[in-house]
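Shared between the two complexes below is subunit A, which pairs with subunit B and subunit C, respectively.
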Partner chain A sequence: MKKYVVKRVLSLIPVLIIVSVVIFCLIHLTPGDPARTMLGDQASEIEVENLRESMGLNDPIVVQYVHWVGGIFHGDFGTSIFMDEPMYKIILDHIGPTISLTIYALLISLIIAMPCGIIAARKRGKSQDQVISVFSMVGISVPSFLLGMLLIILFSVRMKILPSAGYKAIVDNGFLKHIEYLTLPAISLGLMQAALITRMTRSSVLEVLGSDYIKMAKAKGVKDKVILIKHALRNALLPIITVIGQSFIALLSGATVVETVFNIPGIGQLVVNSVLRRDYEVIQAVVLVIALGNVVVNLIVDLLYGLADPRISLE
Partner chain B sequence: MAEQEKILEVKKLTTSFKTERGKMNAVQGVSFYVNKGEILGVVGESGCGKSVTAQSILRLYDEKYLVEYQGEILFDGVDLLEIPEKEMQNKRGKDISMVFQDALSALNPVFTVGEQIMEPLMNHQHMKKEEARKRAVEMLRLVGIPAPEKRVSQYPHELSGGMRQRVMIAIALSCNPRLLIADEPTTALDVTIQAQIIDLIVELNFKMHMGVILITHDLAVVAETCKRVIVMYLGQTVEEADVNDIFDHPMHPYTNGLIESIPLLEDKGVKRLHTISGMVPLLNQIPKGCRFAPRCPYATERCHREMPEFVNADGRHKVRCFYPIGLE
Partner chain C sequence: MKKFNKLATLFLSALLSVTMISGCGNKSVSPDSSKDSTAKEESSSAAAPTEDIKSEMHIAINAAPATLDIIKTGGDVGRTIADGNIFEGIVNMKSDYTAGLELAESYEVNEDYTEWTYKLRQGVMFHNGQEMKADDVVASMNRWIECCSNASQMIGNSRFEKVDDYTVKISMEESLMYLNELMATAGQMPAIVPASTIADADPETGLLKEYIGTGPYKFDEWQQDQYIKIVKFDDYTPYGTPGECDARVGYKEAKTPDVYFDIVPDDATRVAGIQTGEYDFIYKLPLDNYSMFENNSDYTLFNDMNGSLGMIYNKKQGISADSVFRQAVNAALDMDAIMQSAYTDPTFYRLDSCYMYQEQLEWYTEAGKEYYNVKDMNRVKELLDEAGYNGETFTLLVSSDYQEFYNAAVVVENQLEKAGIDVTLLVCDWATFLSYRSDPTAFDGFITSWSPVALPTLMNWMTESYPGWVVDTKLIDMEKELNTSTSKEDSLTNWEEMQEYCWSTSLPISKFGDFSMCCVSSSKINNMIYHFGPFAWNATVSK
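And then the complex of A and B:
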């Protein structure tokens, strides 16, 4: 197990190198001059040129890349053009809301999806199954920003029970306020994943329920409920874990849109604003962090596999 | 004689499945019985309803959506089709247990062998964990698994095919059932292991004095182990007799065909293997008269028109045929 984790962590290195190259190229290939954006339209050509020189933007692209990566190894993720703070602090400040939102959204989708998926599988072809199928189809099809706005109209404007936008940190305002402000965004973000996980759970449970060992369990005199919870669910969990991992990543990146709709100062909003400001160093750093998160989630999923299924050995 | 007491009596069992194309009778009007301590063989081709019969006895099919039973299944005089599901759960694994064909798919991959043997013990005999574990080790030893203390905490995928089948038998026998249904227990195994498993079932049948229904399509296995045998074709019993009678004087043309298609060692020279012509029809294309008529070499016009009854032909020998072989 330890060996496996070490191996997996080491294998992150090439992945991160490739990701960093791609991010770097992507950003430097996009049109727009950060120096010009910083100085504004009034600045003279010479001033812009001087700034470009001092920012190192005139160096060959390879040199710039080496500079950036070299900096990362010294704990320096670059400096923001607009924000007068060290990069790690900028990211730390913004990642809190996003992680809160993502976990909350994932919880909501699991709470909806697992029971729905299991019910749909057990009542296959019956009305419950069909209702759940229709809802999950709708859930997959409705984009989160549209759902977000509909939720705002219903719960904030009409019923006035939940705030329409904004963010309250746990530390300053307590858990309840925190949750209150995140509920609508989390629902609009989580519903689509709920639909996906429902469908996956349904097909996975269905497959397991048709297997011989379920019949065997029944032949041993095990009660239906125990069969479902003990014998079926644990086996059905494997493909579901994969989807949950993917959902987590999708939520993390999907948060961008929802954060903009609900005005939450998370990573997503940071990225959007940085793109608008051509603040390329922030974009680079944030995308790298998200990529790292992606890889870590995948590692966790693989480790969970080993726990859920004894046939998978992590040696 | 106490031995002749019937432990199970199936009367006119019909199992029909609700499908998109309507109701299909996978088993129709099957009657047979098993005496205490007796091994009854059930033979037939794939798809003749052997397994459905077996699983109907335990009521393993989803009765809400999938299946409908008719007839009677008397176990110790109680009709299993009449009792509520809860009571049935109590009988499964305790009074009647079952060994499935493919042990790899019938054992739950995420639980250890021990946990799977312990489950019915803790359910039915209310054993504590420690006690159940001890008993599980004992059971593994009983079915001939070496180093049972080690095996008990292994997972099914860590065992060989033969051992997995032994584990299944251990699970089935853990609560000392009075009836064991073995549904093709040796089909997935190679020949030497097959013999071992069959020997084990015979030995345990003798030791524990339980009734056994041995479902197989291997006539050789039947000849070696069973006293009495029923032959099924397309969801019906077509012949029932003592083993010797069946092999010496098969009355139904189908049984005759089955026996003739066994290649014999003393056959000299190159000879074509005997086959029963035609194929088993699908359940929705069942012929009107005798179900075997389209494939029967002796079929007459009457056979195509009328369904023969399952009747006593000669002592304990029952057959479903208008013109039983050797009786004209």
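And then the complex of A and C:
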């Protein structure tokens, strides 16, 4: 197990190197200039040129890359010229809301999806299955930003029971206030993931329910509930865990639209704003962090396989 | 079926519980409850609001400014937040677009307008506790001259000097009758800050690290992508007559102790936010939502003319370097169709050929009107033949970040194609747009807007350095003549001739029309002054 983890952690290095080169080239080859964006449309060419020079933007791209990577080895991910704060603080400030939102959305999706998926499998072809299938189709089809806007109109504008936008950190405002502001965005994000996980749970459980050992258990007179929970669900978990892991990654890096609609200062908004103003250092650092998060979540998913199914050896 | 019902009930209950527990953390989030508790604690040192008045105001803005160093950078949002609230100038702009004294109590100017002397108000305190003195004013004004291209072009190498602790002067080689107007309406504000903060500016970017001014509010906090908070400055000394404030100039008082500028880029979110009471004022209302708030007593709509839209030609090189070709393009344009596509309804725009505003009576002129909104295809053909047009491509640059610009560009493209001009639309985001715009090989024309200014030559597109690059020496000489004029009558005559010459011959731009920017405030806001944006001072928010 330890050997496996060490091997996976080491495999991070080439991944991060490739990601860093690709994102660095991509950003620096895109037209646009942070100095010009920073100084505004009324800045003179001399001022823009002076700022470019002092930011090192006139250096060859290879030199700029080496400077950046060299800084990382010294624990310096660079400084945002727009935010004038160290990178670790910028990322920490923005990743908190995204992680909260991701976990909350995933919880909502699991609370809905797991039971619905199991019921749909158990009642295959019956009315319950059809209702759940219709709802999961709707869940997949409705974009999260549209759902978000509809939720705002219903719960914020009409009923006035939940705030329409904004974010309140737990530290400053307490848990309930924190959850209150995240509920609508979490529902809009979670319902789509719920639909995906429901469909995966249904098909996975269905496959297991048709297997020989389930038939044997039934023949031995084991109760349906025990068969479902103890035998079928556990064996159906592997693909479900994979989808949950993918959902987590998708939510972590792809909540941008919902963050914009609900004005949550998360990592998605940070990336979008940074791209728009060409804040190179922030984009590079955030993409690296997201890539790292991606690999770590995949590692956790792989480790969970071993826990869910002891036949899988991680050695 | 029973099992299914039980399970369904269980899951729905669980989901609703999570939702409702969080939703009921406060009794209600409607209008005010979500914000007041923290604000009262935070603003305990500020003047306590009365029982009927809230201690904080939330203004939702559509974008975060790059910086609040508005001396170094321009931009509407930064000025809305900082100009007058945090920073003040020697003079500032009044509602009639003229300059009024702010940190100066008086000024003197010699007969040929080459030497200006300003007597500063005494006892004006900076937010860091220092008193404002001539050294600070000299450092601030000279930094502004170096940062602001309009200022450096008009003032040249002259710089402000200290006469005594409360007097500064500037001596120039050439006359500058409109120095006050330049300071009041230039794109970058000549904000007065302590000399020490200028000395401590970031060595890499040259930007101020601290936002210390003399205004009724001081900078408190900038939560990235969330809000910028300013709080009442207790040692602010108002000037003028209580109750009289003309736009940025006059008696100012921070009646609401804490003001939040919430950064809300999404239009729909800003609209929902004012309906739920999250925000007291929203900046830049989407025009489609205008009717939602019209004739609704719960809200106040602001719909003042806010700028002009037009196409700036590349005069330096390429197909549009030929003024006859530019005249052909201009003759093909249907300004009403362009403005309607951009601003949907005449409620939000007006057609006008004058580069200055109708409201600026003394500068308003109809000179050159006959060349505006011509839509004459025969004339286009004649001019294209005269220019020797041979099917070359006219590249029209536009930023997709501004929907109205893009809509206008699409109509311009269509109209020019119909007139027989081959057009390529180059659409890109704002950062790319700024880069392309500075490259004379990248475009032939670009769509942009500009704000009203107190002096015609302050319009950026009139300058040699602004993209589009005026190269017509006659026009440059006319600008210089206007800037150095020592008689108001002469300068007005100069301006009339200059506008006529622009429309008839030089055509640096094709102006499409003037447009308004809509904003909405809750009817709970009282005494808010609005002039190209909301001013926080003197305004209160009822509970």
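One rule holds in what follows: the second predicted complex is superposed on the first by the 315 of 315 C-alpha atoms of A that agree within 3 Å, B and C clash if a C-alpha of one lies under 4 Å from a C-alpha of the other, contacts with A are read in each partner's own complex, and residues count from 1 in each chain.
The definition used in the following text is that contacts are C-beta pairs under 8 Å (C-beta built on N, C-alpha and C of every residue); 3 or more make two chains touch, one makes a residue touch a chain.
These figures come from a predicted structure and were not determined experimentally.
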With subunit A superposed, do subunit B and subunit C clash or fit?
fit
Taking the superposition as given, does A:Ile170 touch the first partner, subunit B, the second, subunit C, both, or neither?
neither
Go through the superposed model and pick first if A:Asp212 touches only subunit B, second if only subunit C, both, or neither.
first
Quick check for you: in the superposed arrangement, does A:Arg234 touch first (subunit B), second (subunit C), both or neither?
first
Applying the document's definition of touch, where does A:Lys220 land relative to subunit B and subunit C: first, second, both, or neither?
first
Could you look at A:Thr37 and tell me whether it touches subunit B, subunit C, both or neither (first, second, both, neither)?
second
Between subunit B (first) and subunit C (second), which, if any, makes contact with A:Ile103: first, second, both or neither?
neither
After lining up the shared chain so the two structures overlap, which partner does A:Ile72 touch, if you call subunit B first and subunit C second: first, second, both or neither?
neither
Using the touch criterion from the header, give the chain among subunit B and subunit C with more contacted residues in subunit A.
C
May I ask you to decide whether A:Arg277 touches subunit B, subunit C, both, or neither, giving the answer as first, second, both or neither?
second
Once the two complexes are aligned on their shared chain, state how close subunit B comes to subunit C by Cα atoms, in whole Å.
12
Residues on subunit A in contact with subunit B in one complex and with subunit C in the other?
none
Of subunit A, residues touching subunit B in the complex:
124-126, 211-213, 215-223, 231, 234-235, 308-311
Subunit C to subunit A touching residues, read off their complex:
1, 4, 7, 10-11, 14-15, 18-26, 28-30, 34, 38, 64, 66-67, 72-75, 147-149, 152, 187-188, 202-207, 209, 223-226, 262-266, 268-269, 272-273, 275-276, 278, 401, 428-432, 434-438, 448, 460, 465-466
Listed in rising order, subunit A residues that touch subunit C in their complex are 30-34, 36-45, 47-48, 50-51, 54-55, 81-85, 90, 93-94, 107-108, 111-112, 115-116, 119, 123, 128, 149, 152-153, 155-157, 160-167, 172-174, 176-177, 179-180, 182-183, 187, 260-263, 265, 269-270, 273, 276-278
Contacting residues of subunit B [partner subunit A, same complex]:
55, 58, 60, 65, 89-94, 97-98, 100, 102, 105-110, 112, 119-120, 123-124, 155, 157, 168, 171
